[in-house]
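Going in written order, the chains are labelled A, B, C and D, and every chain counts its residues from 1.
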């Protein structure tokens, strides 16, 4: 292969293997369109073939359920996922590797979307910035879908005098809303910002495994239609937790949920491996752990938790699937299955997943704060300690979702202990935030406003959390609206507002435009007000004793539900305003410089739009992050401890 | 200004999408047509409510739909995979007058078997704790020969009177003589008489496992219009 | 955080003592380090999944809900509330096939390790031979696994033990298919000289991965051998209450 | 909280270091320190009514009707009280940083830099100690209360060693899509769709389900336990208040989950006995 002329990569002579055809080879012909064709085509083929093989009207010997629909739908889903990934070109790389055909530098550049213009967003592109934007769009789509269902739910609950939707459909929209929002919130920060920002933040040219990066996003794209399609086939009538054995009574839409989770878990696992490897091995020269920005810690922690937790969720769904399709009995108590097994497997993911959502958000806020307070992050070590503490405890608290299941009353004591211990590391994070706010003149821009909103919500969510972490109080609150309000304050109040802040903060870097301050703020505060209305009054409903996931209830709950519905509509309008601001600013907002916030951290030192490989020369880090601020004048006065001149100086 | 228009357009578009989808999905799944008990002019004495007007209502249970008996239309997609499942005919949205004596005459064409909970093999909430089964008055049927049950229970409104009515509908023998549509020629005839109180809304469903999936409680058992519905007492 | 324009060391135009990656121009040592980290993380993920399976098996084994753990032919303690399942055959699976399959996989792993060790000493042919033998051996293991699954004395609907064992075997089959892909790749790349003394990290990764797969198989063998009869002889009865 | 701005960067000689009390006084001389403290107190007092408002909301339908519910409400009250100081302090800092310390809203990045407080040993230690102490208190309180509730609900007594006879009532609760049924094994197979209980007498619940997971929630009695298929869970209570209370299903159980409600009627022993006699004609089995 030395016959081929060597390529010049960053002023290095690199010998190249033989170049087969044009750079990129078959990938030149593959894009989202071929993906759709492949997916839909294979889905149709699989469906037709299966329906030929299954005798019509064949019913399961165990459950008498007509199985034809199940098999066909399962085949269609599998065909869609495989065909779509094949059409996108996900299998080209592995097959090339297996055949031992190395790709050249030109291939890699084509795969990274060099001089492809807009069309690279529709291809299996390996550039981490493209993947970040793709994640952003997918997040919007999934979030919008979940939000739409949320509006339907609140409409049903607001119309206390009638059933707007049939109970079955209502159950399916709460389930679909739940899982759609969980997916949206999991990827909301780790996806767009984790992929777009982290490599630049640590001074790398790309992710560790660019192809896996593309694989993770397109697997996610493949999973979304599975979820949406389930809504038209009876839906997920079991809440997002899809508890067995209720889930095995659901119509075939359940298969859509299970396939979504299985695919999504693979996508998340790959993304986690990729991010963690990048952070571990590709930090710039001189970026020791004490010089690594806190956001990198946050993403690392989230990836770690996703890495060990998601397989449990995935396997819980694989077992459910085989119960459904092959009549196994993991969760069928008649045949020796156990409902507690499902609950354990599910919550082994279920609780770390909460921190997968919250930790990156908190980390983004800690990135935003120093820039806008012109002040170093207060007690960086404590921030790290908080994140580490949360990760360490996250795997030991799952059973606090099962206090009332009676699976093992004795373990309620240790789980109550571990759960309430978590409030300590979380408290660290709060301390870091207020310590950074302390004595700072705030530059009130949209991202900083989001920080205030998040801290406010998180305090409420955290305080209500200690009621639920405590078994005696949980004996009243478990399964009531109080729980719903609590985790919305945590996941939405922190997750959604944090995502808004983070996107507003990194918008200039991602798009070259600045997010419109005025309308962005209007959107943010509208959402904030609506949020307090909705979930504040939901707390009241929970205290009065309204169970969750009901569509009819005693009229003593009417007033709080009406308020909730009004608030929910307000949230919807606010979100749309924010979205409108994003659309406008993205299309024709004013261009801005590479570093509009005058930030000192590495990702802002790159030019905008960011060139293909971020840094022409890899940077060398010589300082700790967040070196803002001036020496504290009070130190002088402390030394000459004389009270009088404090008054004059203190006014600042 | 342009900014404002873009924002406005986004908000309006969003509202339209949500409203449209909500309206469509709400309309596409309204309940089956109301089936009201008709006052037949007569009155009847009750043990502790004195003499009250009397109303009657006819319901049948079919094992599956046929040309003679069309399947219920409920929801946008249910009927696709519920064909061949049992259902109540002609409707599951039932209305009875308040403060009166109501007699429901059931005609049960379906087979049956063992019910999970013997409690529902007994008559509950009827006027004298009995029902009339093929002419003779009984308190219960054998718990291994139940076809379906008609169980009305509470709606979560504390303001309306508590109401609980459960009637077991005995099964037809598996080898019963059937007509060409596949229905038994002499189905089980059950009639139950009960006293209604003040107005209120309730729901009812079948407590005999006659659906599919786990514990045969999926499918029609969890679909309004087939084996479940609403039961309204109107003033 | 300031950045000083210093040419970072990972792309000095120095004479490549270690070969450079054709795509990114980084030294293969850097790529190899990255690969090792990623491998460990993927193993962590796979461990989680395997643990989920083992938890399912042992949890159901310990509970024996409704007496439904054992396949019907083996033990009829339960009151079979649901007789609709055609329970024709049924008993616990024999243990030795699990161990036999494990042994075959261990043999394949040994071949792979031998190839990897020798290519590090510069013996290219040994790697080709080793990976080929490992590939053949894995294929044989897959066939054996398939034979075992098809000859179980129970079907999937015959209680919790059957379900758990069948799913363990399913995950084994998945692992073996993945191994087939990996080993084919290693073999081809070894033949093309893409895996050589200088660049041998892919062979190393494959070898380590095979070791993990062996451990996963071993866990399966252990539970299926030492957790057969459920310890819970007085299980909860579905839908009923104990007599007071 | 983050008390003094101790100059740990350049440690001074111990001679001219002021005593900590003096340093605290110095610190409190600073206007912002005073203001934040005052605001904390004010906000704390504004939040204080919550302690009673929460209970008021919980008691709307006649709770507490048992020892257990009493314990639960005490816990809620104490937790609210304990969490108010921290919450008030954080809110105070938030508010003060919005209003008190200067706020710039220019489009350009502000040129003015703020004091570079990298950390503050005293503040950090104080915060850690306070939050850990609070968490510890909550844990200990929770443990004690949980033990008490477990005792009050006879949680440790398994189904087959519950005292039958006259000193207690045993109820076998069966959850089923979507109706609760209550069997009284002491009364020769009497089954009811409404739960009747005699006041001031221990009640033992054995709970199971015939299909999916339900959750047996006697709201005002503070009883909540899952009804699992293939398992019998036990709970108990001693109702100490006459009246009609709610029983709801608190675990999504299918289409009519919202309608899976019934009543628990706590009556005197005489009424209970006469009810049993009257229902005697309605035997199952």
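Just so we're on the same page, a residue touches a chain if its C-beta (ideal position, glycine included) is under 8 Å from a C-beta of that chain, and two chains touch if they have at least 3 such contacts.
None of these values were measured; they are calculated from a predicted model.
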Shared chain contacts [chain A and chain B, defined touch]: D
Target chain D, source chain B, minimum contact steps: 1
Between A-D and C-D, the pair with more C-beta contacts: A-D
Central subunit by CA centre of mass proxy: A
Averaged-CA centre spacing for the pair chain D and chain C, given as whole angstrom: 45
Centre-of-Cα separation between chain C and chain A, whole angstrom: 29
Chain centre separation in whole Å, for chain C relative to chain B (CA means): 52
Residues of chain B whose C-beta touches two or more other chains: 116, 155-156, 158, 214-215, 217, 222-224
Set of chain A residues in contact with two or more other chains: 64, 167-168, 237, 245, 249, 333-334, 337-338, 340, 550, 552-554, 556, 627
Multi-chain contact sites of chain C, meaning residues that touch two or more partners: 65-66, 238-239
Each pair of chains that touches, named by its two labels: A-B, A-C, A-D, B-D, C-D
Footprint of chain C on chain A - complex, ascending: 7, 9-17, 61-62, 64, 94, 97-100, 102-105, 107-108, 203, 205-206, 208-209, 269, 272-274, 276-277, 280-282, 284-285, 291, 293, 307-312, 314-316, 318-319, 322-323, 326-330, 333-338, 340-341, 344-345, 348, 600-602, 605, 617-625, 627
Chain A-touching residues of chain C, taken from the complex the two chains share: 1-13, 16, 19-25, 30, 33-34, 37-38, 41-42, 44-46, 48-49, 52-53, 55-56, 59-60, 63-69, 78, 81-82, 84-86, 156-157, 159-164, 166-167, 170, 181, 184-185, 188-189, 191-192, 194, 238
Residues of chain A that touch chain D when the two form their complex: 167-168, 171, 237-239, 243, 245-246, 249, 333-334, 337-340, 373-376, 378-382, 404-407, 409, 412-413, 416-417, 420-421, 423-424, 427-428, 430-431, 434-435, 437-445, 452, 455-456, 459, 463, 466-467, 470-473, 475-476, 478-480, 517, 540, 543-545, 547-554, 556, 596-598, 627-635, 638-639, 641, 643, 646-647, 650-652
In the complex, chain D residues that touch chain C: 159-160, 162, 164, 170, 172, 174, 183, 185, 206, 208-210, 229-232
Touching residues on chain B, where the partner in the complex is chain D: 116-119, 122, 124, 129, 151, 153-156, 158, 162, 164, 166, 203, 205, 207, 214-215, 217, 221-224, 228
